[in-house]
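Naming follows writing order (A, B, C and D), and every chain is counted from residue 1.
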Amino acid sequence: MSTLSILIFLPIATALFLFFIRINIQIVKVLYMVVTSIILYVALKLYIDFDPNAPMQFVEYKVWIREYGINYFVGVDGVSLGIVMMNAILMPLIAIALYKQRDKHGYWIHLLFVQGGIMGAVLSLDLMLFYLFWEIMLLPIFFMIGLFGYGRKNFITMKFNMYTILGSLVMLIAILYIAVQYKEQFGVYSFSLFELKNITLSSTQSILVFSGFMLAFAIKIPIFPFHTWLTETYRSAPTGAVIVMSALMAKLGTYAIWRFLFTLFSDTSHEVAPYFIALGLFGLIFFGISAMYQTHLKKMFALSSASHLSLIVVGFFIYDVYGLVGSSYLMVAHALSSAALFLMVGMLFERTKTHYIDSLGGIAKVAPRFALFFAFFALSIVGVPLTAGFVAEVLIILGAFNYNIYIGFITATTILIAMLFMFKVISKVLFGEPNEVTKDFQDLRMHELFALVPLALLVLAMGIFPNYFIKNIEPTAQFYILEKEAPKNDK
Amino acid sequence: MSDSLLLNILLLSPLLSATLIFLLNISIAGVKQYIYTFLALMGSGISALLALYISYFSYAENQVLGSHLFTWLSIENFIVEVALKADALSSFMILFIAPVSFLIHVYATGYMNKDKSYGRFFAYFNLFIFFMFLLVLADNPIIMFIGWEGVGLTSYALVGFYFEDIKNTYAGNKAFIVNRVGDFGFLSALMLLFIEVGSGGLSFDAILSNIGQIEPSMLSLIAFLLFVGAMGKSAQIPLFVWLPDAMAGPTPVSALIHAATMVTAGVYMVARFAPLYNLTLDVSLFIAYIGAFSALFAAIVATRQFDIKKILAYSTISQLGFMFMALGVGAYSTALFHMFTHSFFKALLFMGAGAIIVAFHHKQDIRELRGIRESIPALFVMMFIATLTISAIPPLSAFFSKDAIMSALYASGHIELFIIALVASLLTVFYMFRLIFVVFYSKVKQAGASNSRSMIYPMAVLTILSIFAGLLNVPEIFGGNLNISNWLNILDKQFFISHSDEIILMSVNTLLIIGVIFYTYKRYAYSDTIEKESEHSLVANKFYIDEIYSAVIVKPLYALSVIFDKNISHHLIDNTIHRLALYYEKLGVVFSYSENGNVRYYALYMLFGVVSGFTYLYILLRAAL
Amino acid sequence: MLQEYMILSIILFCIGVVGLISRRNIIVIYMSIELLLNAVNLSLVAISADLADTSGQVISLIIIAIAASEAALFMSLFVVLFRNKSSLDADLFDMLGSKK
Amino acid sequence: MTNELIALLVPGLLLFSAIFILLYGLSTSYTKEKGYYMTLVTLLVTFILAVSTISEKHSIEVLPDIFNSMLVYDTFSATFISLFLFGGFLTLAIAKSFIDKTSYFTHESFVLLLFSLFGMVILSMANELVTAFVALEIASMSVYVLVGLNRHSLKASEAFFKYLLLGSFAASFYLLGMMLIYAQAKTTNLDGIAEYILHTELHSQLLIVAGSMLIMITIMFKIASVPFGAWVIDVYEGASLPITAYMAGVFKIAVFAFALRIFLSDYISFEAIYDPLIIGGAVVTMIGGSLLAVIQNSVKKMLAASSVVHSGYLLIALASIEVSNQNAANAIIFYLFAYFISALGAFGVLSYISKGGDVLITFSDLDGLAKDKPLIAASLTIFMLSLAGFPSTIGFIGKFYIFTSAIEAGNTLLALFGALTAFVSIYYYFKVVVHLYFKESVHLSVDYGYKVSLAFIVISAFIVLWGGVGTSLLFDIPGINELNKLTEHSIESLGL
């Protein structure tokens, strides 16, 4: 099998194998590590072989459902590369960090499954294939929350599930609609992204279909006002699931905006851009301010993620090279930081059995390494210089100013928004005198350090030498912009 | 050695020592303190020597050193190089930053002696110097902004250094957050600058040579936003509130960051953008007024403070106000020169205060520190000289710098500014001598521990610098030739003032100052006046500015947060969704009544179906036929 | 002539429907069903005669056969139901259903 | 073997073994096991016979001289016959453990099952209204009795009563409709009617229009669409689980086999007249079904109510059939297969884990089953996902086809509506999953016996998955593409 297929199917196949063959949990963990390491290796090789200036690479094409023109059609370009890498990097690290805690087969099986699912969704260039992966990656999360979650987990996982599927089903109809339109115009069915973009739709049609897609993405991201599943879900979900959701799945929503909406409906996207920029900016501020008053760490970070994701949406809809590159970069940067933060929140919970910042404090005194990393990642969320987030935010703000000066000012508030709560968290959790809960707080263990150090180094590297990473994204962004500006030659 | 390598070493040696200390500190417990000391002093020492060398080079040969490290970012026109440049202005900045940093490092080795977080402290401290160098040496505003934010970040870490007391960390938070409000302006300005003229390159030279293309209103906006950044960093009204609180940090931190270096970054930045401000006179005037009000306001507040470090903090705000006044009227090199002298005497004052605090069991209230002259004579002398310097007594250094500001203000024609400055400078004399007289001239006596030599020697060096630094920029009137101003060669506005006027000004000024000293002596020396001063007056409570900010900004934000999260997200949106689901289920229950189990009803439903089908057919077909 | 047969047949059918819905006794309900079938039979035979086509009559014979087998089922039903409730009131049998 | 021979052999064999078991059941040497395996073997043999004829496109009239062109054996009927027989086989195979647990599966029950399959086989071959009616009645009456099989249970008797009564009522509408058509077209042969319609104007087709609608109402009754399907929950609840599975899975297909044939040959001319009716029926069916499904506490009743929703989806496709485009008809066959295998599996699991008798299986009875019996839980989950139309299951592909064909026919809003009811269905299907996996266990290692039943459940689950992702690229097993081709051949063999 070729590179991309390995990325997609190796984890899924392993997950299925582990599901049917009950073996010792230690072997499961080892197998998990082996498989995710192979994936990481393959992904790194992909990254090295990646040619920034070529459009779509490592393409694989096989007929799947002949009658309806549905194909196994995958490929990678500058947009998807980031998420692929994140997916490959985070999964083994999660395992390293949680190595000792999770002694359930399901936990690891589902994580493997979701890795494959996300890979599939990111790499698909066929809409049905995308839809398939988009939906099935939901299942492992559904199970993880239900099996290993906290609180009212059954209700919450159900709500999350239904909320997401509502969007997906509407998207399904939208996909089918354009496929049927394609058939009417070209005589055959096709679900290939690059063929479907040739269809001509009236403006009403394309706005409706666009909304169908956007609903699914908006719920997944989430964009205001489709966010109400978010805090509760993050709160209930186990660490692995939260990391996957915040670092990967939410990014998939924003990624899909670029990959699908900008490809299929470049004109409509441009038309409706002001509304989504407005919505994104509102979300940026709304979620940021909502987070201020939270006392539950996961809820707060959930809102913080939402705030950043809204910013990513803004960056995309600004649709110039700075916005696109900045948002793509922020996707990766935020994935790293939020994954690390949620990992640490998980460690915190494992040690103290609480998620409430009011009952914590003084950790810096008893566990300086923990405090250091926690503060580092928290600050990287705030976007201080030398971290990846800073680069991304500067680019997005630049794009926003380029778009419109007022939009620029509102976007620039992003450097203020995250501080509203992040410093409160750092102070209340890390500083002060240790209390009853935290006085025996154990500092980071070796394996936890092994998980966090690569993340920290990556965040720093991406903040200090961004050009090295951005050169992989920029040509793709330029390509999209050129395409949008070029007049459509059909009609 | 090539020139660029010198610059690189200057920049990176603090970073290297910070990293080494940091790694040692985090990975190995119980590293000997002297290793840290060695590393820290190496880092700052090397850069101090190089800084002296480079600035001499720049001064003497008028040559610009440059270094290009790597390309930070390159997207379309947005090409940001990590490049360093030591032109006159930057060289001038490192000329005092590096040595003062080194001296304070030495001082800190004494101050922090035996502290359990010794290593951590110097890691942050060296990191701070790295960012400060980055700030002043950066060749383009984006990299400068990175340094700018970096010093804020390290300042945050250092203010909240003793994090066991949560109040300290809150002070750090406040410092960072308020600074970031300023950064918001700075960053916005940079973005606008890039959009307007960025295609010509992002280096300072490129930008400043192209600003003529920008239309005036946009230029004013950019200038204003840049100044917002300066307001934050240099603690001017209305963003000054963090500085007094930042005194929660260890005293060397206050000396280095909040007196000598970081807070002056705003002045540096405005001077850096001098060509821009020369084109936007309205904004320049605004700067001058902000500076004036800050100077006056801080001076007034300082007169009723009791915490020795807070008095100095307000004094810093006030002095920075003077500098901004000078910048605002276009006397850039004058402002820079005052910054230069200020860094020496204010660092000295803080170090003195720190030494007192160490010697007297961490008491900071001047009412509790009375009568300590006998036990620390050397400190007393140095503090007294520093106070005389800040009061601008000739021929101490600040006399030259402050006098230049006063005459520039007078000559600029903004008499109101001049009067404010005069009042503020007299108030300065008052609160500083209030401090001196209360602490050192008292009937009560108390004894304290003696200070280590590592703390006293750097202070001695600074004392000498405070006395003689003024000689570097002696005006013509005293036969000097304004060495520094000429070196800096900034587009200063030229004010004409006759020598006679200048002499009159100086004399009146000096006389007034001496008068105030005497008044203060009468009022505070060997008296209990200080005990009678209320802690609850308007002035002592800093005009309730913190409370006002809290009520106007913080509390509404919190209320908004509750509204957003509870009322909108939860009650409005989420409950609507839940209710929809509930209604659907209720509808299901209602519908299920039709499934009542009675077969005759089922037959009836069928009949209903048949009848409606036929009705449909009837209507349709009758229309069709 | 056909029209009259048809009208009679439809009247019979309607009586059957009304009987099925309005009567509670299961035997009467069964009789209504027979009425429905026979209404159809009547018109089939009439149509067959009118069209001079015998297949209509054949169909009616088949329907009679089916009605007979239905009758067998109904008879067994009566027995089963009566054994359970000692009554043949249709409204008594409403244990199932999804009413809440 | 010629197709004609198979066409005779399949119903013949069914009939023969039904009568044989009926007689043999009276003998003292008869045991339940023997009857069971005889039935199973019969079904297997006939299935193999039927399935051997589906690979190519063909269409013949079976002994036209004797049967007067009433029976047609084409790929369409072969496909459906294979489906029924496979369904019957699967039902029985999975039900083995249930049959062992209960006492009322006497030899007559196998006979009735075979009779009903015989009826369905004839129904799918019937090309004439009276034949179809007779076949339908044979199948229905057998099923009526099967519903009331447990005669000591009040519930079963009541279900029997309701189903019989309403079934006869519906049958009378069929007869009325047939009479009207006969009155105008002078024939009851579908081809003849089609010919009549082709050569006349609308004003001389009024009786046919009315009659066709009455026949359609009977079909809608059988597939339990609102408002004709009020019986469905009661009857499904009353019947024992294997019978419910049989009704939901197999019988529904048989009705659709006839419905499709009559629709494609005759109704399609009246498409414009009927479309709004069917669309209306689809909408109320989907709403009504999902409303009822949401509130159920019993899994069986939930499945019953949800089967109404699935009928709604089928009606969507039915409404989308157009003269120019037969994708919708393909979609119906595919969906029927998808639903049949998933529903059979789901009911099968219930029958496998139930304790026998007419005890309801509530959601909480499933609590924590996954810990004890992971394979069963996983299979049930797969069936639920398929019913909910989750991608990677055959149910999704089925829905995909139906929605695509609806959009192609211009019924985009209807498709959207279908998607929304599918969304509601996520709630009640995933509720099962929640109970299976997330609740604390109440099962204390019960042995459900008969591993072959389990094996067949798992096989069905695999079919469900394979039908969702299967492609011959990976293994040389027929997958989605082959199923597609089969449906296409079936529809094309109708000769339209």
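Note that in this section a contact is a pair of C-beta atoms (placed from the backbone, for glycine too) under 8 Å apart; a residue touches a chain by one contact, two chains touch by 3 or more.
What you see is a predicted model, and the numbers here were worked out from it, not measured in a lab.
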Margin query: On the document's contact criterion, could you list the chains that touch subunit B and likewise touch subunit D?
Written below: A, C
Checklist line | Distance-maximising chain from subunit C - centres being C-alpha averages | finding: B
Next item on the list: Tell me which of C-D and B-C has more C-beta pairs in contact.
Entry: C-D
Notebook entry, point to check: By C-alpha centroids, what is the most central chain here?
Noted result: A
Notebook entry, point to check: How many Å are there between the centre of subunit C and the centre of subunit D, using C-alpha atoms for each centre?
Noted result: 27
Check: Whole-Å distance, subunit B centre to subunit C centre, using C-alpha means?
Finding: 97
Margin query: So the centre of each chain is just the mean of its C-alpha atoms; given that, what is the distance between subunit A and subunit B in Å?
Written below: 36
Notebook entry, point to check: Counting in whole Å, what is the centre-to-centre distance of subunit A and subunit C, each centre being its mean C-alpha position?
Noted result: 65
Note to self: If a residue has to touch 2 or more other chains to count, which residues of subunit C qualify?
What the structure shows: 20, 29, 93, 95-98, 100
Checklist line | Junction residues of subunit B, two or more chains touched | finding: 589, 592, 595, 597, 599, 603
Next item on the list: Give the residues of subunit D that touch two or more other chains, as numbers and ranges in rising order.
Entry: 161-162, 165, 169, 233-234, 292, 295
Next item on the list: Determine which chains touch and list them pairwise.
Entry: A-B, A-D, B-C, B-D, C-D
Margin query: Per the contact definition, I'd like the list of subunit D residues that touch subunit C in the complex.
Written below: 130, 133-134, 137, 141, 144-145, 148, 151, 154-155, 157-162, 164-165, 168-169, 171-172, 175-176, 178-179, 182-183, 186-188, 233-235, 237-238, 292, 295-296, 301, 305
Note to self: Residue numbers of subunit B touching subunit A in their complex, please.
What the structure shows: 26, 70-76, 78, 142, 145-146, 149-150, 153, 160, 163-166, 168-170, 173, 176-177, 180-181, 183-184, 187-188, 191-192, 194-195, 557-558, 560-562, 564-565, 568-570, 573-574, 577
Next item on the list: Please name which positions on subunit C make contact with subunit B in the complex.
Entry: 17, 20-22, 24, 29, 90-91, 93-100
Next item on the list: Report the residues of subunit A in contact with subunit B in the complex, numbered from low to high.
Entry: 225, 227-228, 231, 286, 289-294, 303, 321-322, 325, 361-362, 364-365, 368-369, 372, 379, 384-386, 390-391, 394-395, 397-398, 401-402, 405, 408-409, 412-413, 415-416, 419-420, 423-424, 426-428, 430-433, 465-467, 470-471, 474, 478
Margin query: Which stretch or stretches of subunit C touch subunit D in the complex?
Written below: 13, 16, 20, 26, 29, 33, 36-37, 39-40, 43-44, 47, 51, 53, 55-56, 59, 62-63, 66, 69-70, 73-74, 77, 80-81, 84-85, 93, 95-98, 100
